[in-house]
Structures are given as C-alpha cells and as structure tokens.
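What follows is a pair of complexes built around chain A, which joins chain B in one and chain C in the other.
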Partner chain A sequence: MHTVLLKVTALFYLVGALAYLHFIFTLNERSAKVGRMLLLIGVLLHGAGFVARYFVAGYTPITSLFESLSFSAFAIVCVFLAFELRYHLRVLGAFVAPLAFAFSVSAAFLPGEVRALAPALNSYWLPVHVILLFFGNAVFAVAFGAAIMYLLMEKELKTKKMGAIFKRLPSLDVLDDINYRCMTIGFPLLTLGIITGSIWAEYAWGSYWSWDPKEVWSLITWLLYAALLHGRMTVGWRGRKAAILAIVGFCSILFTFLGVNLLLPGLHTYTNLSG
Partner chain B sequence: MSEIVIVGLNHRTAPVEVRERLAFAADTVGHALRGLRERDGIEEGVILSTCNRVEVCVLSEAGYKGVEHVKDFLAGFHGVPIGELSDHLYHYLGEEAVRHLFRVSSSLDSMVLGEPQILGQVKDAYGYACEFKSIGPVLDKFFTKAFSVAKRVRTETRVANSAVSVSYAAVELAKKILGDLTDKVVMLIGAGEMCELAARHLLSAGAKGILITNRTFERAVHLAEEFEGTAVRFEELATHLKRADIILSSTGSPHFILKRGDVEAVIRIRRNRPMFFIDMAVPRDIDPDANEIDNVYVYDIDDLNNVIETNLEERLREAELAEEIVVAEVAGFRRWLDSQQVTPTIVSLRRKFDEVRQAEVAKALSALGTADPKTRKVVESLASSILNKVLHSPIASLKRETDGRSPMEMVTAVREIFDLPEEEAEGAPEAAERAPEQGGNVGGQ
Partner chain C sequence: MADEKRTLSPMDRVWNFFISVKLAIVTLIVLAATSILGTIIEQNQPPEKYHKIYEDWAFALMDRINLFDMYHSVWFLLMLVLFTVNLSCCTIDRFPKMLKVVRNPRTKLDENLEKTLSLADRWKKKGTLPEWAGKYGEALSASFAKPKVTEVDGQVHLYAETGVASRFGVYVTHLSIIIIFIGAILGNVLGFKGYVNITEGESVTKVPVRGGILMQDLGFTVRCNAFSLETYPSGQPKAYKSDLSVIDGGRETVRKTIVVNDPLQYKGIWFYQSSYGQAGGATARVMAARKDGTHEDMLSLAPNEPVPIDGYGIVRGVNYDQNFQGNGPALQVVVEKPGQPAASFWLFQGRADLDRQRADSMIFSFGGLSSKMFTGLQVAKDPGVNIVWLGCTLMVIGLIMAFFLSHQRVWVRLAQGADGRVEVVLAGSANRNRLAFEKRFEKLQTGVKAAGQ
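== the complex of A and B ==
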C-alpha cells in the first residue's frame, strides 16, 4: 500500500510539472494554481506514504535507492512549496517541479519492497543524518532552478534580445536573492548533515572519517558551496558567478548522491540498483 | 425608441486647434452636462474630454436626430459654427457606439495603443456624469460594462504589458535588472530631455534618490533643485559613480566619458552590486564594451529603440485578441440592451389597456346605477379577466427569447399596432416586474 502511494505521487508531480510548464508558456494564472494544488496533494500523499512505511518497516525508510530517490522528490516539493508560499515565485515551479518528477519517476521503476535493515544502519542517527542532508539537497535543488532562470534572464538582458523569457521570469535581483537565501539555508543543513554522519560513523564504523567515496564527494560539494558562500560574503560574488556555482554545486550533489552509489563502491553502498 | 449615440472627435479626425476649442475643462463639465440633459430627446449623457479626444455619449430618443442634437449642443456650448466642426466629427449609433466605447476604454483606439491613462479618463467622465446626475440606468450599465471589458482586455491580453516609450522601456529594464527600485539611486550625467523624462519615471517608480552632474555645475545645481536631488561636480564623477545603480547619460562629449576600465573599477568597489547604464548620447558616452562586465548592463539609444519596436509589434498582435474580446462583449451588451427595450414596452402596453379598462368599468358601473357590491365586483373582475386574457399572448411573445430575429422588430411592431406613447415611465423595468402580479386584482381598487 505505502509503496503504491510512494509510486503514485510521481503522477501528481508529472501533472503538476506540466501545469507549471503550461503556466510559463501561456501565463494563465489558473494553471499555476492547478500546479500548486497537484503538488500539494502529491506531497501530502507522499508524506502519508512515508509515515505508513515507517510503521511497517520499523525504521526511517530512507535507506534503499528507491526510498532515497522518492524522499528526494518529497523534500524538493516541500522546499519548493515553502519558497512559493514565501516569495510567490510561481515560474520557479516550471524549473523545479520537473526535477521532483524526475526523482519520483526513477524511484517508481525500482523495486520498492521493504527489506531488513542492515545492522549498521540501525541507529537514531539515521533519520537525523539523512533528513538533514536530503532537505539540504532539496534547498540546493531550488537554488539550481533559480540559477538556470538567472542565466536565461541574464543572457536576454546582455544580448538585448528580449523574448518570451524576459516577460516571464522575475528580475535578476530576485533570482540572485533566491540563490543567496538557498545558500544560507542549505549550507547549514549540509554541514550538520555531514557532522551528524561523521559522529554516527564513529559509532558504526569506529572512525569519524574514513575517506570513503561518498565522504570525499560530500566534502567536495561542501567545499564548493563554502567557496560560493564565502565569495559572496567577502568579495561580493553574485549574479552570474553565483548562479554557475549553484549549478556546479548541484551537479556535485547529484554525483555524491547517485554517481557514487552506482559507480564507486564503498562503505556507504547501501543503496544500489538492486535495492 | 431610445438608442445609444456617441458623437466626437479625436486625434485622427481633428488637429489640436480644433480639439482644444471643443475640450471641456473640469470646471465647466457640470454646466455642460446639465445643458446636455435639458435638451429635448436626450435622456442620459456623459462627456469624455481628454487631450486626444472629446466625445459625447447620450441615450437619445431618436437615433439620427440624437446625433444632430449633440452636434448642436457641441457647437452651441463652445460657440463654434457647426460648419467648421462637421468635417472633424464622427458619430456612432447603437451597436457601433457600444463597440466604440469598449474600444476606447480598452485603449484600442488610443494614439499609443494600450496606453493606460484612457481608462482612468473614461472613469472620470463617468464620475462627473454621476455627480451631476446626467446618467441613467442604461448609460450607467453601459459605462460599467466598458470598465469591465477594459479590465478583461488588460488581464487576458498583453496589449498594455510592455513599454513603448524610451523612458518606460528604461524603467522596465531597470526593474528586470535591479528588482525593487525603492532603494536604488539614479545618476543623471549631462542634460537631455529624454534622460530627464526617464529620470522622472524612475523616481516615480520608486527610486530612492538622484545625483546630478553636468559640465556646468550651475546647471547641475539647477536641475538638482528641480528633482530634489544632489548636484555633483563633473570632475568628481568617478568618486560618486559608485553610489549610483542606474546611470542616465547624455552629454555632448565627442568621446566616451566612461571607459570599460572605469566601469570595471567601480563595479569592484561596489562588490558587484549591479549597475544599469542608459546611454542616450550620440556620440555615445559609455564604452559599449562595458556591457561585457558581469553585473553591468549598458544600453544605448538604439538598444532602447529596438526594445520598443519589439514591444510595439507585440502590442499589435495582442490588439487582435483584444478586438475579439470586444466583439464578444458587444454582442453580450446588445442582448441586454434589447431586453431593456422590451420591458418598457410591456409596461406601456399594460398601462394603455388598463386606462381603457378603468374608463369602461366606470362607465358600466354608472349605467348600473345603485348596484349591490356583488354586481360591482362581478363587473370589475369581468373587465380585468378579459384584459389579462387578451394581453397574455402579445406580452408572452414580447418576452419570448427571439432566435435570429431582433427583439427590436417585435417591439417596434407592438408599439406601432397599439399606438403606444414614446415617453417611458421612470423606473420602467421595476414596474414591469410588478405588472404580472397586478393582473388579477387591478380592478379591486
């Protein structure tokens, strides 16, 4: 039941994403409202699915690849809806909702049954570590969407060929501000996620840091975002530079999250294609 | 039969010398509306007077006669011989008038397509007419409808969405680059009419303050007083530049006054806070290469003109959509207007027959002499029941939804057959609503 619930949300995210895309093409307000409603329903079902799965499995169900992808989609939609509520940036939906759909649909094609928990994962640190990191990643996903919007908009303003994008996207200032706010929220989450992971590693594996591929790539991601935040605070890195770094940072997240699991086996290999 | 009539002139039909002679000032419009309303055959009236158009909209008893009445009124009120006017005046009747006002309010008839002021001006005209009580139920509904059509056009099409003047284009771009303008500072270098206008628009769009510099410092001081800004010496331009977010420049300098390197230095000091340069000078004041620096945007006069041209093309495309909306709305309003014409007809039809009934009942009762109350009652109810039965089918056919055929034809026929009077009772629709219930007991008084 909960597995079906987790898979079915992909449909809501798909139609929601299509509604937001329809909105950005036609600027029909109703489409944006429909999109938001669909994402909201989807995310509520999704949340209910995770709660149900938690009780069935008896542990925080964010361990297999299926669960991780699905939870990523959940976190992205949550963060997007929060941003929309706060900044009324409906066009952002056309850039972020497809991302949520991509995660949830890839999850839908993976085996979704509940499995016995690997002994090393059986810890109170599991929910803390994983939820912090996944929500941090979701915030960076929103920054990624805003960064793409920024680059599109900046291109039109620099080349002075105002087309459809110019009319539809918010100002560069707003987009850059989203980038900054995402950094100030996402970076602490990422940092805390890594710290809690490290403490947990001390308990589980007997060492705070063992240079496992996932740890290395997390560090790379962390350094990238740290550089961006530092550059912004000290020498005023903003606009284009910040947008490009947000995109690079998100690619690094994707690699840490997916690439490492699939290509570079290590201690963290709990999540691979077979589960 | 009453019809909506519009007589007027605009920027296309009359030169400014004629328009200014026919314009109504705010303090004379009340007097004019009263004069208009007092004319025979004019039931309701509204006067719209802007710098581009003067239009008088009336509800008139007889269509073409109404046109003449309004022309007489215009000529008489302004003391202009009618012969000098007639070449410039246009007129619209009925459905054409409805279409015209809808187009005017939606800014489809404006000199600058989609310009936003006209709707406010039409609302003012409506306000005056309400204030001086020259407006009645029909024009009230007409103008209210025109406002909602204009709103529909505004929200459903992009006819007014993009800037079509250099100064508005500058504001639009500034907002897209810098976002909220309320904490942004404008700098004006040199003096040019276009720059000053753009500066004014930026300030009214919320910009926080303005720095003004000029080769002649006195001129800068003078302008600074006018704009309530700060004058800056031209030699100190480089030190003050860092404070400005939007820079408007139009000096007579034969070469760049700001080179790429200068701008690079400033943007570094500003820690990359974006700068928007609007260069209206020919030859140009600002090195166009500066546009390649991150967070710096340099637009010259040609760039702005290109933006406007693209926007104008878009407006023309959107105007076609707007015209479709107008056509649909005209049809809707026409139906309402027609139904309005039917109800007063029913009222006067009833009234006419009721008079006959009352007269005949009175005659019959006096012939009966001292009849007992029962007989009187029988006579009275006989008369009213005949009346109701006879009138039932003509009233039913008047009320029936006519398909294909205009209800106006039916109304005209009924009015002609029964020789109904032209003038209508005040509040006619209300009376018509009550009429059916009255049917049964009209004789009971």
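== the complex of A and C ==
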C-alpha cells in the first residue's frame, strides 16, 4: 500500500509540473493554482506514504535507492512549497517541479519492497543525518532551479528576443536573491548533515572521518558552496557567476548522492542500490 | 594605486597575499577539485591490486605523488596548511577592525551617514527637543532596543541596535575550523586506530596499527567471551554482538556486550563491533571418562589432529556424518594405544550409553561439533575527538549567527527647526536580510511616529 502511494505521487508531480510549465508560457493564474494544489496533494500523500512505511518497516525508510529517490522528491516539493508561500515565486515551479518528478519517477521504476535493515544503519542517527542532508539538498535543488531560470532569462534579455511573458516574470535580482537565500539555509543544513554523519561514524565505525568517497564528495560539495558564499559576500559574485556555481554545486550534490553509491566503492554502500 | 604598490615592503606583500579572500576561494576550489582524485583511485589498497589496474609507469608516477594515500600526502596537507594560514590571517586582519566598529558604533546620524542609508523618513513635530527625544526613546525601547542618547551642537541623536552577534558569526565559523583541525592533529599524533580479530574465549593485549606495521600495547587485556549472530529469515545478518571483558590488573573491570553502533570504551580506548567470521574449522567436543569414574576429560578434536590422553593413548577424530546409519549425527574416532593396533569406531551424539558396550577402560561420548566464531573489532584511541566536537558545535553556532542574525541599526536625529518645530529624521540599516528589515522598519516608522499622540 505505502509503496504504491510513494509511486503514485510521481503522477501528481508530473501533472503539477505540466501545470506550472503551462503557467510560465501563458501566465494563466489558474494553472499556477492547479499546479500548487497538485503538488500539495502529492506531497501530503507522499508524506502519509512515508509515515505508513515507517511503521511497517520499523525504521526510517530512507535506506534503499528507491526510498532515497522518493524522499528526495518529497523534500524538494516541501521546500519549493515553503519558498512559494514565503516569496510567491510561482514561476519557479516550472523549474523545480520537473526535478521532483524526475526523482519520483526514477524511484517508481525501482523495486520498492521493504528490506531488512543492515546492522550499521540501526541507529537514531539515521533519521537525523539523512533528513538534514536531504532537506539541505532540496534547498540546493531550488537554488539550482532558480539558477537555470536566471541563465535562461539573462540570455533572453541579452538577445532582446524576449517575449512579453518575460517582462512579467520576476526580475533577475529576485532570482539572485533566491539563490542567496538558498545558500544561507542549505549551507547550514549541509554542514549539520556532515557533522551528524561524523558523530554517527564515530559510533559505528570508530572514526569521525575516514576519507570514504561519500564523505569526500560531501566535503567537495561543502567546499564549492563555501567558495560561492565567499565569492558572493566579499568579491561580489552575483547573478551569472553565482548561478553557474549553484549549478556546479548541485551537480556535485547529485554525484555525492547517486554517483558515489553507483560508481565508487566505499563504506556507504550498504546495499546493492541499483537492484 | 600604482604608487602604493611600489612602496609596499615585501613583508606587506606576503601579508596581503595571505589576507586575500581570492586566495581563500582559489584554495577552496583547488581542494575540492583535487579531492576528487582520491575518490576515483581507491585509497590504501595493496600494491598488487594497483599493479593489476595501472601500467608500471603510471603506477610509479602515482605512487611518487602519493595518489594511493593522497589525503595524507605532503602536498595535500600543505594545501590544508595554506588554507588554515589564509583563514587565520584573514581573521587577524579583520577581527580587530570589526571589534573596533562594534565597540564604537556611529551613534550620531550625521549628514554623511544619512546619505548612505536608503531607509529614512523625515517629519516635523510641534514641541520641545527633550520632550520628543524622551518619547521616541521610549518608543524605540519598546519596539526595537534601548537607544543610546547623544547630544551635540543642539541636536539629539538616538542610536539603537540589535543582532550585533551577526558580525561575529564569520569569525566564530573560521575559529571552529581551526579548532577542528587542532582536534584532528591531536588525534593523529596522540591516538591510534587498529583492527583486531579475537576468537571466542581468547584475549588480546596488543592490536596492530598502521596497517599492521606496529603493535600497539593496550595496557590491559580484552577478552571475547562469546559472539552471537542474529539473522533475518532471509539469512541476512540482523545484529551481531560480542560479549567483551576488560581485564585490568588481574581482574575483570568491565564487561559489556557490544553491537554495531554501541561500542565499549575503557581508559579512552574504544572497541567497535566491525565484523565477524568463523575461526578455523569445526572441532568435535568429546567427553572421555574412565570407566572406574576416577577421571573425566573434555576433548576438543580438530579433524585428524591426534590428542593424547595420559595413561591411555592417542585419540583422533577422523570422520563426521550428520546422520550415520539413520541414527543421527556421529563422529568416527581412531584410538591408538601403545603396543596395540589402532581401533576405529563411531560415536553417536548424546549416546554415551552405546559406547559403554565397547570393552575398554575409557568411555567416550560425542557432544557435537562446535565451530568457534571470531569477532572483528575496530580499536581506536582519539584524544582529539572532543575538541573536534567542540569545533563542530562552534561551527553550527557561527553559521547560525552569520546567516540568521542581522545587525540592525536605527538612528533618530532631532533638531530644532527654523520654524520652531522639531525636525526629526529616522533612519536604519541592516547587514543581512534587508527585505525583512524593510518590513520591520516600516512598522517602527509607524510606531515611532505614533508615539506620544
């Protein structure tokens, strides 16, 4: 039941994303409302699915690739809805909702059965560490969406080919501000995620830092965002540069999350994730 | 600018190099980029493994620049040193300036300052300067912060601020990184990491460290009393436990059953459940009792290993059958007595009575096979770990200070106007989150204006 629920949400995110895309091309207010409603229903069902799965599995169900991808989509939609509520940036939905759909649909094609928990994962640190990082990643995903939008709009502005639509879209400054906001929330979350991971590693493996590929890649991501923050705060990297770094940073997150487990050997590979 | 550059001493140039944020950004990006290498090339593997993957010349080159243990290589550590020096110099350069600014805030809203503030409002009031200064002071105290009052040249200046800590967030964060490095260095110099297998019933006093090059004396004995493995119905391990005892000064001082995620700690040394396995082959437990009841011996027979019994002979376990002749598990033993031909017979598990029928001075009973397990323990001593945790805590506090606090400043200037009314200027600024401050300023504006009406 819960597995079906987790898979079905992909449909809501798909239709939600389409509604937002319709909105960005027509600026039809109703599409944005429909999009938001669909994402809201989707995320509520999704949350319910995770709660049900928690009780069935008996542990925080963010351990297999299926669960991780699904939870990523959940976190992204949550963060996007929070941003929309706060900053009323509906157009961002056209860039973020497809991302949530991509995660949830790739999960939907994976086997979703509840698995036996590996002994190393049996810890209170599992939910703390994983949820902090996934929400951090989701915030960076929103920054990624805003950055893509920034670059597209900037190109349109430069070539002066922009249609009437773009005049009614948020200004580049607003998008740049979103980028900064995301950094200020995402960076502390990423830091907390790495720290809680270290504490857990100290208890499970006897070493808070073992230069395991997953650890190194999370450090790489952290260093990149740290560079972006310093560039922004002191040297004045704004707009285009900040957008490009937000995209590079998110690629690093994607590799930390997926690439490391699928391509590199290491301690974090508990299960055959591809299966 | 050009003139300035020419007059700089070499020392100043070095200093300017180390206090530049550009250097910090470059170091961060170079650290990130080079770190990738160590995740693609598997670290600290035996040389044979690398030889299989890389050509000889490539192996020699990579070995030369320490790519097989790059995070501990000199060049990587030097980059971390550069990073730390840069961080420290930036802090030494900027922190005193910041402290000065914070300690001596601009409490007067002069015209120069007024021009730089985008949030400002001006109005006039009938009445006297002290009267309005008092009212506005109260209004600020109530809705913002208690203002500092300065009177100069017939003008009254009110200055109030909140969230000064925001200015220090960056320094707390930078300090936290240095503290984490100090903790890591202490752990590396004064601590050790090792791995040891202990078979059930056995103990160790030393553990191999640094890949087995050195033996680290624990200063006490650790015994594995028992190991147990719990599995899911699928056979996948669910939990594994080791019952450990610490023997210090000849007596057991601590006994604890450890599992993954729940280690044992004794005298600063931690023992983590890491792996497990079967210790050697299975052995057969055989009880040998003299028929006259004078003596009993518990024998542990490894396959084909002769075990002598005093005043009797030599016993060997040679064969095992799970269901011998349909009578259940049985062990075939060979007994050699001095000067007699070897005798071979089968012992059924738990049926000592059957062996009694054999005409011999000794009765054997087979207690079953036992296979001993070993527990794999990660052993670590890290005196720097608490310093690392202190650094981590400071880092989180620093980031919260830097990103979620905002140094908000508000000024009010009151002056006697030419028309006899009091001219009022209200202005404010914030170093972070200006949007939120704008909203707060609007509220403050209405609140202050309404004061005393």
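Keep this in mind: the second predicted complex is superposed on the first by the 267 of 275 C-alpha atoms of A that agree within 3 Å, B and C clash if a C-alpha of one lies under 4 Å from a C-alpha of the other, contacts with A are read in each partner's own complex, and residues count from 1 in each chain.
Here is the rule we go by: a contact is a pair of C-beta atoms (placed from the backbone, for glycine too) under 8 Å apart; a residue touches a chain by one contact, two chains touch by 3 or more.
From a predicted model like this one, the values you see are computed outputs, not experimental measurements.
When both complexes are superposed on chain A, chain B and chain C sit side by side without a clash. In the superposition on chain A, A:173 makes contact with chain B only, not with chain C. Once the two complexes are laid over each other on the shared chain, residue contacts for A:235 go to chain B and to chain C alike. Legend: residue contacts after superposition of the two complexes on their common chain; A:7 is shown touching neither chain B nor chain C. In the superposition on chain A, A:204 contacts chain C only, with no contact to chain B.
Number of chain A residues touched is higher for C, counting chain B against chain C.
Residue contacts after overlaying the shared chain place A:129 against neither chain B nor chain C. Contacts of A:192 after superposition on the shared chain: chain C is touched, whereas chain B is not. After overlaying the two complexes on the shared chain, residue contacts for A:216 are found with chain C alone; chain B is out of touch. Here chain B and chain C sit at a least CA-CA distance of 6 Å once the structures share a frame through chain A. The intersection of chain A residues touching chain B with those touching chain C, taken from the two complexes, comprises 177, 235. On chain A, the positions that touch chain B within their shared complex are 153, 157-158, 160, 162, 166-167, 170-174, 177, 235-241.
Only residues 116-120, 122-123, 125, 177, 184-185, 187-188, 191-192, 195, 198-200, 202-209, 211, 213, 216-217, 219-220, 223-224, 226-227, 230-231, 234-235, 252, 260, 264-265 of chain A touch chain C when the two sit together in their complex.
By the touch criterion stated above, chain C contacts chain A in their complex at residues 21-22, 24-25, 28-29, 31-32, 35-36, 38-40, 42-43, 71, 184, 193, 232, 234, 236-240, 259-263, 270, 272, 274, 378-380, 382, 385, 388-389, 392, 395-396, 399-400, 403-404, 435. Here chain B touches chain A in the complex through residues 158, 161-162, 173, 175-180, 270-274, 291-292, 294-295, 297, 299, 303, 306-307, 310, going by the rule given at the top.
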